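Chain lettering (A, B and C) follows the sequence in which the chains are written, and residue indices restart at 1 in each chain.
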């Protein structure tokens, strides 16, 4: 297992957004998470990438505990510098890209490699150019984010995450902020990564994509996993009424 | 008094005005950043102290602050204030401008979208790296217009040094004007302030342009 | 302006009270409690010239804005009758002269804090008799009304409804605001315009923006030198005397300066310096 999340609970004030969720991702697996907005999908991803702290449960990366629940029932995280180590296992692609506007595309990709992972500049640039080539935007290396289309920006963001060589890459609705005609180029890149056996978890509303690319689909609603399994089964023959209802909206 | 005597007498004052200007900026630009960060400290006490400092400084005239810094040590502790005139003046200016800069910085820092912090965190940047490499450069670009405003105000505020009888260009203009019963010194001072501010505007514009490589 | 500054100073002194200290209200040194007076003495310990007079630094506090008593002269140097006299006193004793030009509005704070030893800058005694320890008066001064010759204003009564200018923090200003002075007269004015400097008031008078200026005659003479269109009304607004103000506990220094003044009058220095300043020479009172 690359990542394992057991009995995760998370609340914002009074509102419990994640109610005792457990799930794990194996190496090379592509997991899609679908569900209505407010179902806790994004929060789950943000807990997995340590942007949010869990209130209960445990998070393991590569079998090592990053967070666990102590006897009193409180979630405890490992020490800051160890957490840093766990962070290097995972990457996250945001809905809003969150590129650094003051850095060129190339520097967006190389800066963290050099400053966080202490690679040499040559090494970092080689990795960056290779990834940009793969994303089909090698010619944009010297451009600044504002000069790129949304689809190009998101591809840079994916390349930036990959440049850190994570064990697992999370996508938080990677195409939701894009114009419809630009979603294709981003989905194509993710599909390509799936073929290369990159371990990925994708929160998405693109049902055909989820069905075609993922090994497993999770349907979340109201802070719980309602149903999960093989994409074909979940999409074509959902067992739960709530899943059926949700999918019906997308069929129209 | 000939015009050239007037000019050379006032040149000394111009130099002093420039001195106040440069020292104030050198002190208050970095100090403002420290204050802005303390303002966001996680310790309530520190936040509280900084807030009081900012509101006292912004809520009272600079002229009063200068008087307090200069005469305060004597009235509070009966220390001799010999030689304290210029240090008090610069201290007063720095602490005053630091408060204003701090609020500008704070506004700039708060205007940076949370996504920038999150992206940096996920990539593994430390807090310091995130601030220095990702946040600060963007803050600087955003606050440039407000900083320019404040710097131009400072050029003119230097004349408040007359409160502590520091012979900067405006005090001298007043005094020479009184002794020569002439408006000429004020004209000279006016031209000086205008030229100084023109230089400031020019420099700031250059910096803003240099930061325009991204949006 | 004066009132604002008084408030500001009062505020800063309030700050001192909060800190649990004995505050000395700078705007009213007369009200100093005995205890406070002792404390100011501490700050001015160097002010008491003992045996070794050569090392005593006499800190002459003055306003550079007050020609011809203390001002920036034609060569751009600090000069004036008071400055030259103070230097002569220092020379007489072998003291080191130190010029402390100050902001006139902060003069009391400067004196009390010990940054200067005296206020010697065309400083009016009248109305401040109890606030300072005074040297002997050395110059008379009269407050007059200056008008344009062709203005048709011939008496104080003619000022009714007119715009009259005055410089803030001057004896003429005080006189027009003093109920026992000329406040009644001031009420008949159309307006009383308060200026930062007489130079600006004089320009306004020239330009016709105001009708008259209330001014002490020495400053007025200085302004009018070289001009022919202006004159004083015959009636005086008031008269006053100039002397040197010391801290109230500084009797020894006051005595020394008085003694020096007498000596300088006797040896003709006073008169010689006075002759350099024709605008005020006739008003100098010592030795006459």
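Just so we're on the same page, a contact is a pair of C-beta atoms (placed from the backbone, for glycine too) under 8 Å apart; a residue touches a chain by one contact, two chains touch by 3 or more.
What you are looking at is a predicted structure, and each value in this text was computed from that prediction instead of being measured.
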Overall pattern in which the protein chains touch one another (line/ring/star/complete/other): line
Most central chain, Cα average position: B
Chain centre separation in whole Å, for subunit B relative to subunit A (CA means): 46
Rounded Å distance, subunit B centre to subunit C centre (Cα mean): 34
Between subunit C and subunit A, distance of the C-alpha-averaged centres to the nearest whole Å: 79
Complex contact set, residues of subunit A against subunit B: 49-51, 84, 87-88, 90-92, 94, 96, 98-102, 111-112, 115-117, 144-146, 160-161, 164
Complex contact set, residues of subunit B against subunit C: 1, 5-6, 8-9, 60-61, 63-64, 67-68, 71-72, 74-78, 80-82, 85, 162-165, 167, 171-172, 174-183
Contact footprint of subunit B on subunit C as seen in their complex: 8-9, 11-13, 15-16, 19, 21, 23-24, 26, 39, 42-43, 64-68, 71-76, 100-103, 106, 109-110, 112-115, 196-199, 202-203, 222-223
Footprint of subunit A on subunit B - complex, ascending: 113, 115-116, 118-126, 129, 133-134, 137-138, 141, 213-215
